[in-house]
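What follows are several structures.
What follows is a pair of complexes built around chain A, which joins chain B in one and chain C in the other.
Let's look at the complex of A and B:
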């Protein structure tokens, strides 16, 4: 029958969870589950996994914009039906993978992907794979920048690195449109982060009706929000808050809690660049990314300053780092003063930590390198 | 016919990377509201601010989360996105799909939504992007009745768990990440659908310390596969790498000439503990000093494999910066067994102990990582019934501000100045 609004609880099914994953395993995956011996990257975007049973599984990885239409998903389904027994999967970086059970099936698959026009193959090995990103202006209410547009602009510029494997190690690039950092910005080789630079405005007509004031006050990491009386547009006194502008660093968390404290601004908002984070435990422990460029303007539709900054860092790293060295390992080995020098990035007070455990990031040593920063 | 001019967005149709703008325009031929998505986004590109109103509380009966409500702040100009709610659908473990189920979902979304999606949200959910409030219950009805899929999580609850590709297609998976992810998701459906926590709680499953699902950075409870015994070495294959028969790192660096593979430089010298050496033609690993970082295995996948005694490390408390700063997860349990047959009893005991404590002690909107910072790691370890061991710290504390308990000190805290004065008069 379908949903009956007159009897909303009738026939309601709940708590069934996701479908069981095994339903969607290719036959070869099901057969060789837990039996894989080794793998090879045959060329950019093409993997081969060999099982102890002797079976070989070939995977072709393609780029995906993450924000996609059902028309494109149906195209993926057509490809999977034609080449891969109707199975496909998505990776943890939102690329799409098709799997086939013999080497002979790889080239016809690649040919059809090429024919489609928006299914570029790559994203494997020591290159630059997809950018993990967020909602931006397409769906979110707290962003300081867009997501999909900035990612498209950056990936167009880095495209050759998606389809090749010429980096010292894989470079993970991520974007978040505000510092809630939905996703991987705090732990990526290169991170693009939407930032505000103006304190929130207070809508005195709304605030006592739409906000739990104690929540807005507790939302501030720096104690800049305090209870106060406000005057609304009718001249009446209302319960409200004040923001100590000297203490506010524009995180926007009070707006998350209180709709009457908006802070988005066309000129104030823009993008910061952080670098040097990593997740894996390989060689060094996981690292947070560090802020190296505190602000670049929002310049839709192609954000030229941001694109240029990311490309510059990628190229200097690619030229200077040793094999296997992640961007953060490289920067720490050469020293951050040398990172700024080699990348020709101006250093400012904005990159010096002044929050809580800041002291641990200052240089309590005579060990440094002479760079152009020392006049 | 285009309903709105989009001169700025049109510029994002060129270039080699798949264009979301071209895709939206293609969808707009079938779904008129996609023109309004483009129209409103174009306005945001012009104004350089978002045009979505703050918040939005919508959902389906029986659940306290799963749908993110959203309303346009310019609904008169873009009526197609006046309501533009997002439906989080729980994805299957490691995101394998059949074209059959995807087509079913596409048909449903063509009928009742915008036709646009996110594959996938950062937490793992399949995201259906943009529909109206009256469609929510019918969508949920069709998802559960016809397709057999449930909603994912949102709000102060267990969010949708996710995992790496694991043993399905990787030789390094030290436990069944898919099975663990599915089992935990099914066991805690109530905690996922009906918010009962101080704040959100995420669980992610990685098969090895390469951590392909980034659990150590992106989950409150991070389950990372590892092993206890020796790395398995195939000396013949080691010789193969040295001879140049096999490409190092499975060929990951083949786009550039890095010279001939040098096991000394590329493996032994990069080992973080220096526990490897060549004795003649034989590769030796002092496994007692190995921290299982994966580097040597990553570089020589045909020659080296994780040990056979496999399980997982449990780390707790990762989060993004808000409020008190970003945190990676902290090692709490160095090694537990991950038994698929027994449905992961050790892991469940740990998860439930975390929740029991945090649900009463956690403050409003305080992630468990922040709760642990507030009470201190020693207190959290004792809550979890764990003996402190050196593995719990990167280094011992350097300040001397040590708490002792009354019962740990001879004679306790109760004493009188009068007695003290007998030996030490003023």
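Let's look at the complex of A and C:
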């Protein structure tokens, strides 16, 4: 029955979990589940899986903006109804895949996707697939940059890499709009990260009412937040905190815990670029991405500096790395000093780790290469 | 900040209906108001015990207790706390007790 606000627990259904995934399998997938022999990438965006029963499954992958309207979902459903028995799936990078059971059905499907205009096919093999990203200014309260806008600007510039497979290995690009790093920023080949550069402001009128002060104090990774008496706008003494600005590195954790400590700032906020992370175990161990560009300004709506920086790194990597070599493997093989030189990125003191376990990231060896790109 | 009225008394609340001034403005009328919107039919001693435990801990420590501490001090397992407060210990019990709105990635 309809929800009754007077009696909220009546007819309440709970703890039912997601529906079982098998309910949404294409018939051919259900039949061949656990029996796949091998797969091929026929061309960018088109995969073929062959089963031990001899069945062939063709998958067409298209880009998706992740943040989409129900109209677009219905467009996807129309395509799925027409070509793929009404079934489609989303990938872990928020691409969309349509599966058909014969080679003859692939071309008509591709033709319809092309006709739609905003369903580009690609994202397979050694190219650049979708960007994993976050909420940004659309919905979150702690961002230092936008997500959807920056992603659109970058993917426009990298579009040819989405629809081709010309890289040494796949390049995973991710974005997070603050260093909560929701998503994959800490482990992506190229990561775009929103950063602040100014300490929080303390709202003395609100702080003692809306904040659990010990939480704000414990939220600081550097011990910069301390309990203190504050004076509110009425001149009354209130329980509050102080921020040691010399110690603050603008992470924003205290604002996450305490709404009276906002720190977003239009000029201070911007984007840092990290590179060289990966999560797969192939060849080398998983790696964290490392910061190479500490700050680029927020320049909506197209973020030209950020786009140029990402594109530059992609192009130098594509030209220089060996086959199968991920960006982090390449940078570690040639040495980070060569990475900075080849990419012509000025190295700054901001990239030198100074947080607790920093020592291990410094060079305790005489092995290095002379570089000269910064005059 | 919005104001709501319940039985002739006004309370200053934020957009999620938590008391903006915390326990300063908290009284039995507030408990009665939250009870009416949270789907709690009658207030029992058990409800009161949870509220007292929250307020006592908050006054002493400046933070809301962790769920396990709340369970331990009241003796109610989490399941029972949800039976008492259908919205849960944060949105239900803390709101009724006049504690600040829970923060972080919730």
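Here is the rule we go by: the second predicted complex is superposed on the first by the 372 of 375 C-alpha atoms of A that agree within 3 Å, B and C clash if a C-alpha of one lies under 4 Å from a C-alpha of the other, contacts with A are read in each partner's own complex, and residues count from 1 in each chain.
By definition in this document, a contact is a pair of C-beta atoms (placed from the backbone, for glycine too) under 8 Å apart; a residue touches a chain by one contact, two chains touch by 3 or more.
Computed from a prediction, not measured in an experiment: that's the story for all the values here.
J.: Looking at the overlay, what does A:150 touch: chain B (first), chain C (second), both, or neither?
T.: Neither partner.
J.: Applying the touch criterion given at the start, work out whether A:215 contacts chain B, chain C, both or neither, answering first, second, both or neither.
T.: It touches chain B and chain C both.
J.: What is the contact status of A:132 with respect to chain B (first) and chain C (second): first, second, both, or neither?
T.: first
J.: Could you tell me if A:9 is touching chain B, chain C, both of them or neither one (first, second, both, neither)?
T.: So A:9 meets both chain B and chain C here.
J.: Tell me which partner touches more residues of chain A in the superposed arrangement, chain B or chain C.
T.: On the superposition, B touches more of the residues of chain A.
J.: Please work out whether A:259 is in contact with chain B alone, chain C alone, both, or neither, and reply first, second, both or neither.
T.: After superposition on chain A, A:259 lies in contact with both partners, chain B and chain C.
J.: Is A:81 touching anything from chain B or chain C once the two structures are fitted on A? First, second, both or neither.
T.: In the superposition, A:81 touches chain B alone.
J.: Figure out whether A:180 sits in contact with chain B (first) or chain C (second), or with both, or with neither.
T.: both
J.: By the touch definition above, which chain A residues appear in both interfaces, chain B in one complex and chain C in the other?
T.: Touching chain B and chain C on chain A: residues 8-9, 180, 215, 256, 259.
J.: How about chain C: which of its residues touch chain A in the complex?
T.: 14, 20-22, 24, 38-39, 58, 61-64, 86, 100-101, 103-105
J.: What residues on chain A touch chain C, complex-wise?
T.: Answer in residue numbers: 7-9, 180, 208-215, 239, 256-259.
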